[in-house]
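What follows is a short report on a single structure.
For clarity, chains are labelled A, B and C in written order, and residue numbers in each chain start from 1.
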Amino acid sequence: MKDKTMRGAPAPLDAARAVPDDPGRRKFLRTATATATGMLAAGSGLAAQAQNAGHDAHAGHGTTPPSPAGAPAHGWQGGQGSMMYMEGHDMHGVVSEPPGAPPDDAVNYREFEMTFDVIEHEILPGVKAPMFAFNGQVPGPVFRVQENDWIKVVVRNRTEEMHTIHWHGVDLIYTMDGVPMMTQDPVHPEETFIYRFQARPHGTRFYHCHWGTPLHFMAGLHGAFIIDSPNDPIRRDFPYERDYVLVLEAFDVNFAREHMNAVHEGMKRVNALMRQGRLTPRTHAFFRNYEEFVKAMDDGWRPPYTRGNAELPTVQPRFFAINGKAFPATKEQGHIKIRRGENIRIRLINGGIATHHMHLHGHQFYVVAEDGNPLPYYKRCNTIAVTPGKTFDIVVHGDNPGLWDFHDHNELQSTNNMIYPGGMMTMLEYEDLGEVPYGPSISINQ
Amino acid sequence: MKDKTMRGAPAPLDAARAVPDDPGRRKFLRTATATATGMLAAGSGLAAQAQNAGHDAHAGHGTTPPSPAGAPAHGWQGGQGSMMYMEGHDMHGVVSEPPGAPPDDAVNYREFEMTFDVIEHEILPGVKAPMFAFNGQVPGPVFRVQENDWIKVVVRNRTEEMHTIHWHGVDLIYTMDGVPMMTQDPVHPEETFIYRFQARPHGTRFYHCHWGTPLHFMAGLHGAFIIDSPNDPIRRDFPYERDYVLVLEAFDVNFAREHMNAVHEGMKRVNALMRQGRLTPRTHAFFRNYEEFVKAMDDGWRPPYTRGNAELPTVQPRFFAINGKAFPATKEQGHIKIRRGENIRIRLINGGIATHHMHLHGHQFYVVAEDGNPLPYYKRCNTIAVTPGKTFDIVVHGDNPGLWDFHDHNELQSTNNMIYPGGMMTMLEYEDLGEVPYGPSISINQ
Amino acid sequence: MKDKTMRGAPAPLDAARAVPDDPGRRKFLRTATATATGMLAAGSGLAAQAQNAGHDAHAGHGTTPPSPAGAPAHGWQGGQGSMMYMEGHDMHGVVSEPPGAPPDDAVNYREFEMTFDVIEHEILPGVKAPMFAFNGQVPGPVFRVQENDWIKVVVRNRTEEMHTIHWHGVDLIYTMDGVPMMTQDPVHPEETFIYRFQARPHGTRFYHCHWGTPLHFMAGLHGAFIIDSPNDPIRRDFPYERDYVLVLEAFDVNFAREHMNAVHEGMKRVNALMRQGRLTPRTHAFFRNYEEFVKAMDDGWRPPYTRGNAELPTVQPRFFAINGKAFPATKEQGHIKIRRGENIRIRLINGGIATHHMHLHGHQFYVVAEDGNPLPYYKRCNTIAVTPGKTFDIVVHGDNPGLWDFHDHNELQSTNNMIYPGGMMTMLEYEDLGEVPYGPSISINQ
């Protein structure tokens, strides 16, 4: 079953609005733009993109069809890490399928097609940054599936670096867990990887890249994975029709740009060595096991973490976003809408490495789920600390009509580059409010 | 009804103890001292101050009495932001009253008079810092009201910058919510603003300035707002007589001084432009709506957040306080007192942007309320992480007589300027302890 | 009763692997090495060390036996702080025993012998750092006792600085609480101190030094203190056999080295002044009470916290560890093992000043205790934020066989010196997994 349910706010590219000149950056962006342009030329809508990506995958690599089960001809190697790219293989066109899941004809898979891309993402007017992106958008598309659905995700790497997908909070077959070097090789440039798993348990979950995680996860490779169930007690206790998915993000665009450029250069060297068959465990700091690593140390090899601190990057996010956009550009997605007497569900997902203290004005909402799992009690709060790795679901009951601020109460994260207001801030708006005595206007430099 | 219930530890000014010379700072402090002196000359007690402020407001601006309901003659404008200060109005003496609340004669308002001030606050001996302050003290006075009381707060701005009051966690009429540009214009220098609302729901809540929030909130404009109720289950489950309000604060005095000076200079330019009728949306980065902002960008206007990082401030609090005072000066407020068999309630309010990990030695206290709302279960802890925007209520049962440390377990926040011990640290003291074999002495440089 | 139950992963010293030259550091390390060598020469096992330390204490200071109750001849002084070291006493060989606990013959004490040491600890291959250590290991040994056991800890200070032991989360007699200047004098070099208390309430608790806490606690002086009980509801609700203790640590090795050297130099000056009888409250910033401190200020004395920020240290941990080891060296302790259908209990203890967001892949674990105390409800999560000062117990049910990552989801803390992967990362491994299609290999520079 080909699925069209992938949704999400596309990340518009606006080639006309120039970014400041920066020689180191431009080089990277040329690559990025080429990739993004190629991708977006295939279609403007997300479904179109996904179909096109799927077409590419199957057309270009027809000689390596996914095998129904077990280890395919190439692309999956048993034992202590395949390291096949070290042995001079060009991964271009390889399709990898981990074993463990039922074959295609044994269950009714819902199939999704995804890509790893590099794009230039506009966080808000005047601020663009190079980012990694699922299907060309930050955050990636929202999955909406039913509990126990069988999911098949065919993902193609259209960047020059390596990636994986980890399905955070999903209790899947461990070979599909997306942890490089532990459950799979990373997905190499131009390689296609196929994840198959059953979606369970129900609740608000997410997915993100698990390769070079501090950079890749933060710099765009994350998205919501919502598993619904008719047995969800929250729907029973708080009948609702609308729910909202808010992926909370902290971007260090300087770190991302510099690190991406550095990784990009390093990757080119790796690719060159690989093609010459000269890539070794020590060249890439990659070992078959702990003992091999210790032996390398004993032989005088120095791991990269022993470098002095001065050379190493630090991360200090200065832009904070909801679903990719910072205030006042959160307006572009529309406000969170509610009516008197209505319950709405808001799913908060931490898509970064900072803690976000979401404070809703004028209401005591119900905290109903944590990490996707319904809570045994519901507590009433007006502020919820969404720490890294967590999701929280809250239910707002429409009992206080108005226009209400909803923002990170670490006020430094309600800024754009330290200028208040900005960042992680949006609005709860009653649709049936009637005439507004003082409508919202915008100050971006209080 | 004029109310005398405002309480709080006044922030003493000690003109004799000089602060280190700093040209940029001195200029600001001259202004600050003048304001503070003028204010404190009116009376030494808090009630006296409040009365005086009220007198000024009514005497000086007798021609603009608060209108009982709806939009007054001037000071409140319907539509998409009044922006009246941009149109050359001198806001001096204006009294603003948002619509939506019952008129003065419809309900029995408890009236409170407040001021926005600039003071020099002593965090502990040897460390003073310029701060914004409600009624000349940091934190602002503690409100103690009953659930469903109607509250009227007349606040006058005695600083040269703009402010508002947000009533954090109070489910009030949204026009009284204090979010500038969204529910009201900011309160301009020498302007008076009137908030009217019903105090609900009961619990530990707080108030703070919502203009230029990272600076104004952190740098002193915050205070406790306690709403009592005969139906409070905590009082029923843990009969108690004494409760303590602890506002937890993280101060970056360097940021505050530099930023306040910069804002102060900028505000003077704004005021001059305003009086000349030359203030425009772009001059002040203030727009009637999102579309107007985007249009300005298209015309080549650059928002302040696109400036390079090097020019922008960073915030790194180095002083941490409870109710305005850092250890060992927390001693000046007295310790938290308890007796054997007694329950005491401690209300912890985060008055800043850091998380504070309050650890009580020798006891497992009950966590009974979060964000002011009684919890459906009570859990026993010895450490509670009070994240930004949150309040927690705990109940300590006097079952282990002694002298007990109560401090932030991020030990870096139990320092003064990185010198341990200091900062967010006080003591739980049993009054009926009897002879103490080793009484507390003080080391301030372990 | 002499107890042999102290356990823990010893911290191996590898003299052959040199650390980079650093003049300031070498000086300190000479001292450290000498101390450590002397200590370790006594025996390779932990029990042997503890016995030897006990032997030293009793043999060398036989003239000052612990008195059974009340104030001993010397070593404990009533009143407002003994300050006896200021009066020219050489503390060498003093045995201090606070009053308040039953005498040795009144209850059946379980006796433990401990030392404060300086060692060089290897966090992972290539990274060694000077650390303070209990019994020569980081973290200190794991205590395993029964609720209501009477505990006697004889601790000898084999460093040149001062220390105490605070029993975090234990409701003990306050004179044994280990807060210097408040309940005891610090333990001086070569002094022995005796703690006696009853172990209660049951649960996951810990101990750490409370002198110069930001440095001493973080830089190694911490360990687990587990109090078991037949009445533990967790054992009843989740029958289990294996439980794991994970002390989570954040190390700033630069801060530790520089600060330890500075403290060390300062301590030598203090010792010299003390021996000459010239140590005064102002020399050491130590006062009998708050009034004495304020008087010193009035006389012109300046406290150290008034120094400019530029001179003061900052703390930025760059190494993160579980039980002293960072990934991939967490492998040296073995993975967390489980079998299908088995419950295991994991006790997470924050041994530092950072928050750790432990995320387990592929499972929804039960959160069963907080701060050692069983929770009134069990919630299911896949990520738990272990904030400073906290412990959390979780139960994992073996319902999803595989190899599963377990790591800090602030991905910057899953690095070694900002190089991913590393730091706070280990693995949950099913022992009955069978053949593994892709076994874990190691990349240390993704």
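Going forward, a residue touches a chain if its C-beta (ideal position, glycine included) is under 8 Å from a C-beta of that chain, and two chains touch if they have at least 3 such contacts.
Not measured: the values here are computed from a predicted model.
Any chain bridging chain A and chain B, meaning touching each of them, is among C; the list is complete. Copies chain B and chain C of the same chain sequence form an interface built mainly from non-equivalent positions, shared numbers / all numbers used being under half. The best fit of Cα atoms from chain A onto chain C calls for a rotation angle of 120°, in steps of 5.
Chain B and chain C have Cα centroids separated by 38 Å.
For chain A, the set of residues touching two or more other chains reads 355, 377.
Residues 71, 76-83, 98-100, 162, 166, 168-175, 177, 179-186, 201, 211-215, 217-218, 284-290, 292-294, 297, 302-307, 309, 312-315, 353, 355, 370-373, 375-377, 387-390 of chain C touch chain B in their complex. Taken in their complex, chain C has these residues touching chain A: 125-127, 254, 318, 328-329, 331-332, 355, 357, 359, 361-364, 377-383, 385, 399-405, 409-412, 414-422, 427, 437-446.
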